Amino acid sequence: MFFHKQELQFTASPAKPDAVYARRMQEVLGGQYGEITVAMQYGFQSWNCHIPGKYRDLLYGIAAEEFGHVEMLAIMIAQLLEKAPVEQSEQAAASDPVLGAVIGGMDVQSAIVAGAGVRPVDSNGNPWQGSYITASGNLLADFTANANAEMQGRLQVARIYNMTDDPGVRELLSFLLARDTMHQNQWIRAAQELRDEGVEDLPVPSNFPLGQEQRDVAYEYINFSDGAAASEGSWASGPTPDGKGEFTYLDGPETSVPMPPPTQPDPRLYGTDAKPNIIDKATGVVKDKLSDK
Amino acid sequence: MFFHKQELQFTASPAKPDAVYARRMQEVLGGQYGEITVAMQYGFQSWNCHIPGKYRDLLYGIAAEEFGHVEMLAIMIAQLLEKAPVEQSEQAAASDPVLGAVIGGMDVQSAIVAGAGVRPVDSNGNPWQGSYITASGNLLADFTANANAEMQGRLQVARIYNMTDDPGVRELLSFLLARDTMHQNQWIRAAQELRDEGVEDLPVPSNFPLGQEQRDVAYEYINFSDGAAASEGSWASGPTPDGKGEFTYLDGPETSVPMPPPTQPDPRLYGTDAKPNIIDKATGVVKDKLSDK
Amino acid sequence: MFFHKQELQFTASPAKPDAVYARRMQEVLGGQYGEITVAMQYGFQSWNCHIPGKYRDLLYGIAAEEFGHVEMLAIMIAQLLEKAPVEQSEQAAASDPVLGAVIGGMDVQSAIVAGAGVRPVDSNGNPWQGSYITASGNLLADFTANANAEMQGRLQVARIYNMTDDPGVRELLSFLLARDTMHQNQWIRAAQELRDEGVEDLPVPSNFPLGQEQRDVAYEYINFSDGAAASEGSWASGPTPDGKGEFTYLDGPETSVPMPPPTQPDPRLYGTDAKPNIIDKATGVVKDKLSDK
Amino acid sequence: MFFHKQELQFTASPAKPDAVYARRMQEVLGGQYGEITVAMQYGFQSWNCHIPGKYRDLLYGIAAEEFGHVEMLAIMIAQLLEKAPVEQSEQAAASDPVLGAVIGGMDVQSAIVAGAGVRPVDSNGNPWQGSYITASGNLLADFTANANAEMQGRLQVARIYNMTDDPGVRELLSFLLARDTMHQNQWIRAAQELRDEGVEDLPVPSNFPLGQEQRDVAYEYINFSDGAAASEGSWASGPTPDGKGEFTYLDGPETSVPMPPPTQPDPRLYGTDAKPNIIDKATGVVKDKLSDK
Amino acid sequence: MFFHKQELQFTASPAKPDAVYARRMQEVLGGQYGEITVAMQYGFQSWNCHIPGKYRDLLYGIAAEEFGHVEMLAIMIAQLLEKAPVEQSEQAAASDPVLGAVIGGMDVQSAIVAGAGVRPVDSNGNPWQGSYITASGNLLADFTANANAEMQGRLQVARIYNMTDDPGVRELLSFLLARDTMHQNQWIRAAQELRDEGVEDLPVPSNFPLGQEQRDVAYEYINFSDGAAASEGSWASGPTPDGKGEFTYLDGPETSVPMPPPTQPDPRLYGTDAKPNIIDKATGVVKDKLSDK
Amino acid sequence: MFFHKQELQFTASPAKPDAVYARRMQEVLGGQYGEITVAMQYGFQSWNCHIPGKYRDLLYGIAAEEFGHVEMLAIMIAQLLEKAPVEQSEQAAASDPVLGAVIGGMDVQSAIVAGAGVRPVDSNGNPWQGSYITASGNLLADFTANANAEMQGRLQVARIYNMTDDPGVRELLSFLLARDTMHQNQWIRAAQELRDEGVEDLPVPSNFPLGQEQRDVAYEYINFSDGAAASEGSWASGPTPDGKGEFTYLDGPETSVPMPPPTQPDPRLYGTDAKPNIIDKATGVVKDKLSDK
């Protein structure tokens, strides 16, 4: 169950409205790596978690915090939109260069659809979608997904920090940046703890039997481009992070196999095949049906 | 530039067709973490790479290999579909329980749209989309995204490995599993190398000035759920992975701020506000315009 | 069957072109609540209607009118785009502030994709999609959906009315506003008529046996936020609109149940579970299979 | 801010797993009218609300309850998937008709992507998307949208109630049906209260000046189909629900206007126009530029 | 304007319901090349048409016919769904193999969302979307798009023709096949007429000055794969269809240019670049700004 | 297999950065008819090709060239974005009209998401999607789709050619225009060759038995609009392109059939039907079940 408190975790008011900037801020609310994504991602991971205890508790706790961040950003964006212009025509743009820039730079649907309101979309107006999230049931994979999400999220917040001088906006962003620092660190540590405790290990999934994979190509760097610089990296020689092999470097594939022959599906699917006259054009009957069909 | 060779990196032919399984295999071709995703992701990261040398070379090389994996899976799926049934009605299903199961379990569009062909979709028929990929320009964030993608990818391949007994299919999957093992290890090592060389560091982005974030909440676990188990993790005390702080644990937020007042946008956006009669209903003129508007 | 007449229901020509405003108008053509939505929604409701007579006839009639509104808006938008600029670079923008505003404010695809033409998209360029419509087969639910669609539609038309001073555009909008007034009234009346005639009733669906729902919570307002103001509304006490109960107010849930234990799916799905060593890593065999699996 | 409690509002455990039914239940979690939709819709409406007090408080309170419903359904679906089969090929289907039906009837991604876990998608695997929600800032329109959402939602829950005999599942659904009954009633009452208090009225938006709409067509039923039955409804004569007019019935439009002439955009957009040779094919210069361009 | 007649162009009733087949038929209604696509495509082309007369008239006329085809298919699908089963669980599937096959093979949303109704989706439940259509303003390009749409459409109808033995369904399909034959022929002829009349020509767009393209590579087949068979085609030698050149064959590109150097965007976008210490980590100031920035 | 070479087929560097134009160029990279579409389309057609030899070889060869075009455009766009502004607020726009125009005209996600990088999206930020491509298995249909794709693609490149004066950009576009000229010609010729060789013919699919279609309407133009001009076209009389009939012209349909009666699905789907009391509201039992159900 979720309970709501009509307060915010941190101050979320701009010094003054700015409809152009409101659009930029939509990215960190409703974009691929916005707050809706992490809130929903941690929620679904908690509901799919197969072990009780600290890992599930961690997911429950952070998910709820992130829903609060969704709210903070939503409240902030609504305030930034408070003076979004009504007039939005060429004539209005021509009358005032600044107004023209605002008309061009703001999200037009925030006015028409939401009446100067916040929306569950990114900075280009693409609706948030469920396919942004990852919840596989494998915690080492998912915590790595979470570390990535927090890194991308903090990167985007850092970018939009420099897009404004508004002290109120910057104050909220400085708070979110710090929380993203925490969450990056936390998921990296939690991923390490899974390995330290022997619950999961590399390669993910660690409980798939290695004997069932083609081990001779499991640590080979195979170069499919014509540069040689990649051979200088530590991924081209030396021990592998999973502790189970040694990297080697191959300049291109050593083996290959011929293409299998083209497929010959049922002629009544009317693809172009080697026997164009196999169907009796009067009756539709397949005249020369392949024996094994 | 890309050049194509009409051979495959590894054998990709099933022992016999299986339209039900073909649908499962679409996931690792055209799904969120399928081969199209990694091929395109590494491609876009290479084109957005700001430094020449080994990292960019690595991206070029692996991208090209992954386009070859797209092709191997496509060729395999087309062969699995080779005997996809044409009859697909209730009556056909009633005539034969196995046929009924095939009709229910296969991707119906592979027959109607592609004539027993492979398609750029996942196992539920959702088209592949550009928003599956990540290419931010920050290599530490992106290599973490890549490690996650390879983990999720190997996890899905491992799952579908157990969904079939076909030796031809399993042979290809055992090859892909090994390559995913390599690529997981490689991105983890490359991410580490970025830190070892001082090019990037934690927290991502490391070149954002820490003094501009709210440092007092940068390492606090703040518990928004009612369980206590998360306090037992190494993310609740001890040094942080970025080497710049110590984790602490708070059972709930220590501070909060009141909600800002509701916004009052232009009345001509016709939202419901505290002054419903502010507009003259005959002329449309805003009668009592707020002074600061 | 549909028949087309090469005339319009009302005048649809702007006084002069305005590419910036054309983009705004796309919202009420191809947006979530645009004319394509209502035309298709009423069409699908008519085809799914289970009773002959006045309700189906109503749906047929209004659907056809709305397809004509799609055409009026399309024709209008094409005219607004007639002088969309060809030059669209930073240099062009720098040469003339008004041109710069137009480049920023118009829909770039209307020029590149449609050659100054109208498109089936909203004001942010999101393609219209079938999931915007509602056609459930239950007429009381669907007529409520229709009333909402006409309300949102009229609201958006009212908003864009104030975004221009063009008398030709405003003339068309004043016509559409009046038709939306009609259609709102009509669906509200039709919904009432369904109840008056005993065909449907509240709660929807009215023919689901109430004895099969948990009646003790059917009229309780349960407060999950920390404000008390909601208790003052007529939804917190007094008779309910369905005429079958009395509203009551609870400040938070009275009952709750513990979380069920985490799930334990087949280990070969390689989720993280409490028994990480259940799979023999050499053979892939599940060693300690849960008895009831 | 949101706080999470590790308990559920009501019991949410099936008598036994049922992967086929789990897919059906995804609709009322992640579909157009599922619980994610109402939770997010009420959340965004609360953040966009322009007046403090009981209406905003109502939105806050119900939004939080709905997030708890998301969780209940997620937990239920995960349990229904607990024995989702791993083997998913034609051969597996052929070995056992029941297994074949399960393979055909379940959501294949719940196994491959989520490891027998719940996902933010509908019953066809379409990801939940932000465009499902409505939050316009106009409360009368939005409460009507909410009434519709609760009607459609209850209708779908009623439908899936009959799709299973599992007593555990039915118990949860009977609870949700009752809450949907409450929420339907509540939004209908709240919409009425807005009118009773004079905050909003019909037609929506009520503060748009009626004098600016084409009043002579504001209450006309105009018949664009060839049936006459619609003339029998109370929407064809008598007073209108907004109390401002009388319905009339027209058998077809009374007026029409000619199509405006085709548009003539810049020839350098290379559309097909009446002057195909207007461009000098050597230089690209427009030879016979229309004077007013 | 569109007018609706409550009759169908042709008979559209199945001999008996078939929910499995209904799903297949959704493809030719709401899929990429279904009837909604062609109806909307011809509609938008007519509204964007820059010349009056026979071409625009053709578009108007066929668009209206296609909306009638949408209706015929919708009516047919609703009837096919008339006995869609309500029970849809593993237990129901186990009780009867045929029921199990129906549960697996039908579109689950047709029952839950539409109450055994037709929906604007394809056979995998993907909603129809505006990006399926093409309306560029260039008639030669668009008529080619139309010819393709009719070819793909007829191909799909031919495929589903063989998926059923129902005489009622086949009767409707035989009608649609014939109309698709007409429409293919018609668009091919109309495209030719554009060329015959000198309104448009190859290459499209024909009014772009050829002198502005790199003519030396305008008719070269450049082989980027390692097969030699493509050199045998008439696209590798001989006159070109546009009548303006001769095909030639190159086995691989003759020229290439080096990659441009990596980009160096503003350091405050925090990408990974060659100068990781360019930002003062205390102040955020860019210390060593590139001179030309 | 694909191999990558770290060179470009042609020069791809702008004279100077231009973030506004970069957005326009995204259309021909990641739009419906951009280079990603043709690369993927030809790839999937090659993998689905049922005959070996020149046609498949052609598809392999062109697909690989197009992946190289994807790379050229990506590299170009990244360079155009090199000086994308960081400051993006109303205040920044107000300080400098040119900066304001850039803020309004560029793709905001190229800065926030990609750090001044290229993305797999169109010029409105819509992600590329798999449903843009066509690969049906029927080569005559697919080569027509390819001809259309190259026509639309060249049209869009011609349009954006005029949107800039940058000589570097124009040089690349002049190269792409010429390659599109080649590819248009090539697909038209290849389609003709399929017919010349008797592999395929009109109407597509040519191997469907014509006797199974309703031949009497196979060459009739049936006019559903009220204009007469379409009767003047060569599609209204004379021989048909498939060589199998004669066009005729009908002013409207000659025959029609009555609407079938409304459907009566299972009452437990709670649609509105003619028998609202068919369900016992206490027990949920259907009281008056239709005999044949």
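Order of writing sets the labels: A, B, C, D, E and F. Residues in every chain begin at 1.
By definition in this document, contacts are C-beta pairs under 8 Å (C-beta built on N, C-alpha and C of every residue); 3 or more make two chains touch, one makes a residue touch a chain.
From a predicted model like this one, the values you see are computed outputs, not experimental measurements.
Enquirer: Give me the fewest steps it takes to get from chain B to chain F if each step has to go to a chain it touches.
Expert: 1
Enquirer: Where among B-F, E-F or D-F does the A-B interface show up again, with more than half of the contact pairs the same?
Expert: Selected from B-F, E-F or D-F as the counterpart of A-B: E-F.
Enquirer: Measuring centre to centre with CA averages, how many angstrom lie between chain A and chain E?
Expert: Measuring from centre to centre gives 28 Å for this pair.
Enquirer: For chain A and chain F, let me know how many angstrom lie between their CA-based centres, rounded off.
Expert: 26
Enquirer: Roughly how far is chain C from chain D, going centre to centre by Cα mean, in whole Å?
Expert: 5
Enquirer: Residues touching two or more other chains, restricted to chain E: which are they?
Expert: Expected reply: 1-9, 32, 48, 52, 55-57, 60-61, 63-64, 68, 75, 78, 86, 97, 100-101, 103-105, 111, 113, 115-117, 121, 124-127, 129, 131, 136-138, 140, 155, 158-159, 162, 205, 208, 212, 224-225, 227, 253, 256, 263-265, 268-271, 284.
Enquirer: Looking at the complex, which residues from chain D come into contact with chain B?
Expert: Per the stated touch rule, the residues are 1-6, 48-52, 55-56, 86-94, 97, 100-101, 103-105, 107-109, 111-113, 115, 121, 124-127, 136-140, 194, 198-200, 205-212.
Enquirer: Within their complex, state which residues of chain B touch chain C.
Expert: Contacts found on chain B: 155, 158-159, 162, 268-270, 284.
Enquirer: For the complex, give me every residue of chain B touching chain F.
Expert: It is residues 1-9, 30, 40, 43-44, 47-48, 57, 60-61, 63-64, 67-68, 70-71, 74-75, 78, 113-121, 127-131, 133, 135-138 of chain B that touch chain F.
Enquirer: Could you list, by residue number, the parts of chain A that touch chain B in their complex?
Expert: Contacts found on chain A: 5-13, 32, 52-58, 60-65, 68, 75, 78-79, 81-86, 111, 115-117, 126, 129, 131-132, 134, 136, 138, 140-141, 144-145, 147-148, 151-152, 154-155, 158, 161, 170, 174-175, 177-182, 184-186, 188-190, 192-193, 202-205, 208, 212-225, 227-235, 240-242, 245, 247, 253, 255-260, 263-266, 268-271, 293.
Enquirer: If we count contacts the way the header does, which residues on chain D are in touch with chain E in the complex?
Expert: Interface residues on the chain D side: 18-21, 23-24, 27, 31-32, 97-98, 100-105, 122-126, 155-156, 159-160, 162-166, 224-227, 252-253, 256, 261-265, 267, 269-274, 276-284.
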